[in-house]
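Chain lettering (A, B, C and D) follows the sequence in which the chains are written, and residue indices restart at 1 in each chain.
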Amino acid sequence: MATINKAAVQIRATVVGNKRVGQYYQLIISIGEIANQCRPGNFVAINVGGESSRMVLRRAFAISRVSESSSFGGTMELIVAPHGSGSKWLCAQSEGTVLDVVVPLGTAFGIPTEPVRVLLIGGGYGSAPLFGLAETLHARGCRVDMLLGASTAGKIYAPMEGKRAVNSLRIFTEDGSMGQLGQVTDPIKSLIEDLDIAVIYSCGPMPMLSAINEITSGTNVIHQCAVEESMACGIGICMTCVIPVKDEAGNLSMLRSCIDGPVMDGASIAWEKTGQVI
Amino acid sequence: MATINKAAVQIRATVVGNKRVGQYYQLIISIGEIANQCRPGNFVAINVGGESSRMVLRRAFAISRVSESSSFGGTMELIVAPHGSGSKWLCAQSEGTVLDVVVPLGTAFGIPTEPVRVLLIGGGYGSAPLFGLAETLHARGCRVDMLLGASTAGKIYAPMEGKRAVNSLRIFTEDGSMGQLGQVTDPIKSLIEDLDIAVIYSCGPMPMLSAINEITSGTNVIHQCAVEESMACGIGICMTCVIPVKDEAGNLSMLRSCIDGPVMDGASIAWEKTGQVI
Amino acid sequence: MNELDFSTTIGNAWFPSPIFTASGCASSGRELAQFFPLHDIGGVVTKSVMNKARHGRPTPRMAETPSGMLNSIGLQGPGIDAFIAKDIPYLIEQKARIIVSIAGETVEEYATLARKLRSVAGISALEVNISCPNVENRGLVFACDPDASRRVIDGVRRTIGGEIPIIAKLSPDVTDLVAIAQGVVESGADALALINTVLGMVINLDTMRPHLGGTTGGLSGPAIRPIAVRAIYQVHAALPKTPILGMGGVSTGRDALEMIAAGASAVSIGTASFTNPTALISVQSELKELLRIKGFESLRGAVGFAHRPEGVVQ
Amino acid sequence: MNELDFSTTIGNAWFPSPIFTASGCASSGRELAQFFPLHDIGGVVTKSVMNKARHGRPTPRMAETPSGMLNSIGLQGPGIDAFIAKDIPYLIEQKARIIVSIAGETVEEYATLARKLRSVAGISALEVNISCPNVENRGLVFACDPDASRRVIDGVRRTIGGEIPIIAKLSPDVTDLVAIAQGVVESGADALALINTVLGMVINLDTMRPHLGGTTGGLSGPAIRPIAVRAIYQVHAALPKTPILGMGGVSTGRDALEMIAAGASAVSIGTASFTNPTALISVQSELKELLRIKGFESLRGAVGFAHRPEGVVQ
């Protein structure tokens, strides 16, 4: 049984940047020294709607990157899709808004000790944490290839500067408006063989993660995926965010994706029993 | 049975000014041509808290003044006390905020056809509509005297330019921090006699209105008061805002203060049966 | 694209739109008519009327609560005779479709009201508000007592005959709502109105006493919507043929569709009209648009859609 | 100014503060301990534990609603043995005051749980969550059935003896809450916990089906506060000597005081901890401050204060 991320703190953090990027908003939030504690894969939980809000639950967002050199002290970057009322509110906040943030939360992507070849696969805003991860892996000497997919061009998040750490990047859209027409899962099988991939890191919608897992299962490829379940608290106290996980003996447990995840071993998840996020 | 103010419309209206005045905020709101339809005593009902607000009810505010010459077309002025969550939200809105406003609502102060002598009495933000009223009365040739009271100086609203139409203005505070120490009701009795007052116009807390009525009852002085009851809708559909009123035969009816008021004949109200606004 | 059939029926009454006012949230209709023609919505449900005129409860009669409000009006009203003389003719003149809500303190009072209304022309349906204290039985609310509920509806049914559909309005404050619903349907209700307000209370921390003049009040608004949807879903599952007039916290077309999918054939808008005097119109047009987007050809096709068997898609 | 006496008692258990966690909203305690020492609050009410381990309901298990949320966890948990072995020792180590919440599917299961807990040291009180479906009686929730409620409490009382106070946690989804409360108190409950969540539901408009994996769920958060205050007020009026652990939508000191004035001797914080992990601490300090401002010398002096006779001021 995992426990909450030991580094987690509740802070008041100021928005220092908000920029539209395609169909997303890139938010830069000043979090001071906590930036040092954030690892690729961790997420944050943010209060939305202001003082007299009817939204009582925090919203979860992956930390896309942290930076410590900026003029605001430590900052983190979030890539937010304006989806429902909470994320829309967040996207509408301008510089100077003070947010109530719990950061960092959850597990991080496991980093291989050897310089192996890795494939990073992102769906929609799921690519956000992958660029920070790519840098870490690249620094470890890994060869990093990346596949990004989305329904349409505006939902592909692939910042220029993020590509430095990536050896190859291929983009897929379902409407063909950017990159290749098709799904991000199409080329995985051949890539695994061609590039001799040891680890796949994935982040995106649950059906995508599940499809990747079908490809890796039975192979030696390790699949580290960041799952997404509806979360009421983000800190392990509500039991709403569970994911069915099998242990070695095949026994099922419902683990909290906010503290035993979001990054989990894809092979251990009982995908056929997972729910659907709205 | 009265019906809703025939001029009432629901509009989106932009805040064009917000200034702190003592413990109040003076809001200037652009309402276009409707400004022509607003009479002293009328009020507005405003949605508060923005899109995902947990506040489902409109807030009522007296129209302090309207102006048609301003560069924003017709505007109205409100004097708002930051009391609970809704009025605090309103006071925090800056220029450019678009509000959902129903305007104008309720009855207006009756204006005498003869140039009689009148006394205007305001408690707290209750003075707001009295300055606009004073101008109208002054234009009719009435002699206008005014008494304003509050617990403390910061709660006295008495704008410079408002005093032009007023022959005399006396201020009372319960802590003596401005004007005379005491209550606004103290000098009424002697003023009625000294100035030969025909009509008293009052606006303020219910206990103040009731106290004034005790002084005028049995005299020939007409008492036009703007009452204040908790209002859920402001437009006559909820029946929460009732005031007990006697007809000539002494029969009691519970009349809606949002459409049969807020301005009512003080003598007709069964004061002993009125509730207490929170 | 075919024209969407937006009409609905409750018993033998037909309405061009499923969006109605909620009883007690539209007064006599005149006040809302300032903001839109009453003819434009499905129907006007009038404030519950009793036999005699009533002053109602002392003020304060309202308190705002998170995403909701409490009210304790206490059925203030002019009495049935004045109502028939003044309010009905006005609504007929406006070409509004009229659902008259009645309330009583005894089984007999309900029957009396039905008798007085029987011969009045222009009434589409009768809503029987049984969330009233029964003076003959320790003030126990009719709608909380299966037996008393049945007797009220039975009395009204006998009096009114078969011509005007009867909608029994139930309270959610019961252990077994389905049993109450079944009882009133057996006693002759053609339809059910779900839900009346939920009993609640606020303490005023200045006086350190109950805030409302009436001590407790009825909770309404978006806060109670999940309770209303559950009630509609449960009752529709048990009584799929009985039309339901759904209500409780509807303020958008999305909310209305939620109730319809749960099993409502029509939807009343109460508290949302306080937030927004034109809520009925916006809910109506949003609902129409949503039904179109989702590919429904008729409102009827969406009623109870959330109950369809596993595997069936749209 | 005198020091404020902020302590409270429930049966023979003493707590230095009246602010507790709510069952199911603090997991095993470890997770909240990241944000504040568990010793600093009045007590930790643990997640309802059953005899055997349970997976609970499928996801989605939550839906946000206006000023509230629905949950359908389905009592996922490790079972009583693992709970006693792992969670209790941790809480004792943290010097937390422990209220263990138990839940069962049969009268016998509750008694079994009580037997297993009887000899465990360090437990301040037992909260008996009777809002569970009774498998022996058509799945009817114990707390909705006066007779079954009594039998559960009676069984626990007999098993546990007189040492640990029993708090019976009731559901608001009943016609006559006071009758249920009286029944369980007669059967041996020392105190009452009011209220559990209100049954609700949300339809997912994308799938046009019930949103929650468990179809219906429990409504909690500020939306239900007026219902909770009413429940506490009604029950305290009928049973003024029975301590009440109040809960339902408390997120500020103001809200806590409202419940205390209505009759609660202590207050649990549930959903507010999701909004704000340090809600317990802020509610606690705000409540202290408010009591001081209002001139109370002790928390006890404020319990049920809203019931004082007319004319009595503070």
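FYI, a contact is a pair of C-beta atoms (placed from the backbone, for glycine too) under 8 Å apart; a residue touches a chain by one contact, two chains touch by 3 or more.
In this text, all values refer to a predicted model and were calculated from it rather than measured experimentally.
> With chain centres defined as mean CA positions, report which chain is farthest from chain B.
Between chain B and the rest, the longest centre separation is with A.
> A-C or A-D: which has the larger count of contacting C-beta pairs?
The greater number of contacts lies at A-D.
> Round to the nearest whole Å and give the separation of the Cα centres of chain A and chain C.
The answer is 46 Å.
> Between chain B and chain C, what distance separates the C-alpha centroids? Give it in angstrom.
Comparing mean C-alpha positions, chain C is 36 Å from chain B.
> With centres defined as the mean C-alpha position, give me the chain A-chain B separation in Å.
55
> What are the residues of chain D that contact at least two other chains?
Residues 63, 66-68, 221-222.
> Give the residues of chain A touching no fewer than two other chains, as numbers and ranges.
54-55, in rising order.
> Mapping chain-to-chain touches, which pattern fits: line, ring, star, complete or other?
Complete.
> Taking the complex as given, what residues does chain A use to touch chain D?
3-4, 6, 8, 10, 47, 54-58, 100, 102, 229-233, 235-244, 252-254, 259, 273-278
> For the complex, give me every residue of chain D touching chain A.
24-27, 30-32, 34-35, 47, 55-56, 58-64, 66-69, 71, 73, 76, 204, 206, 211, 213, 221-222, 271-278
> Which bits of chain B are touching chain A when the two form their complex?
Answer in residue numbers: 48-55, 85-86, 89.
> List the residues on chain B that touch chain D in their complex, please.
Listed in rising order, the residues are 54.
> Please give the residue numbers of chain D that touch chain C in the complex, ascending.
Those in contact with chain C are residues 63, 65-68, 70, 144, 173-176, 198-203, 205, 208-210, 216-217, 219, 221-227, 229-230, 233, 249, 254, 257-258, 261-262, 290, 294, 305-306, 314.
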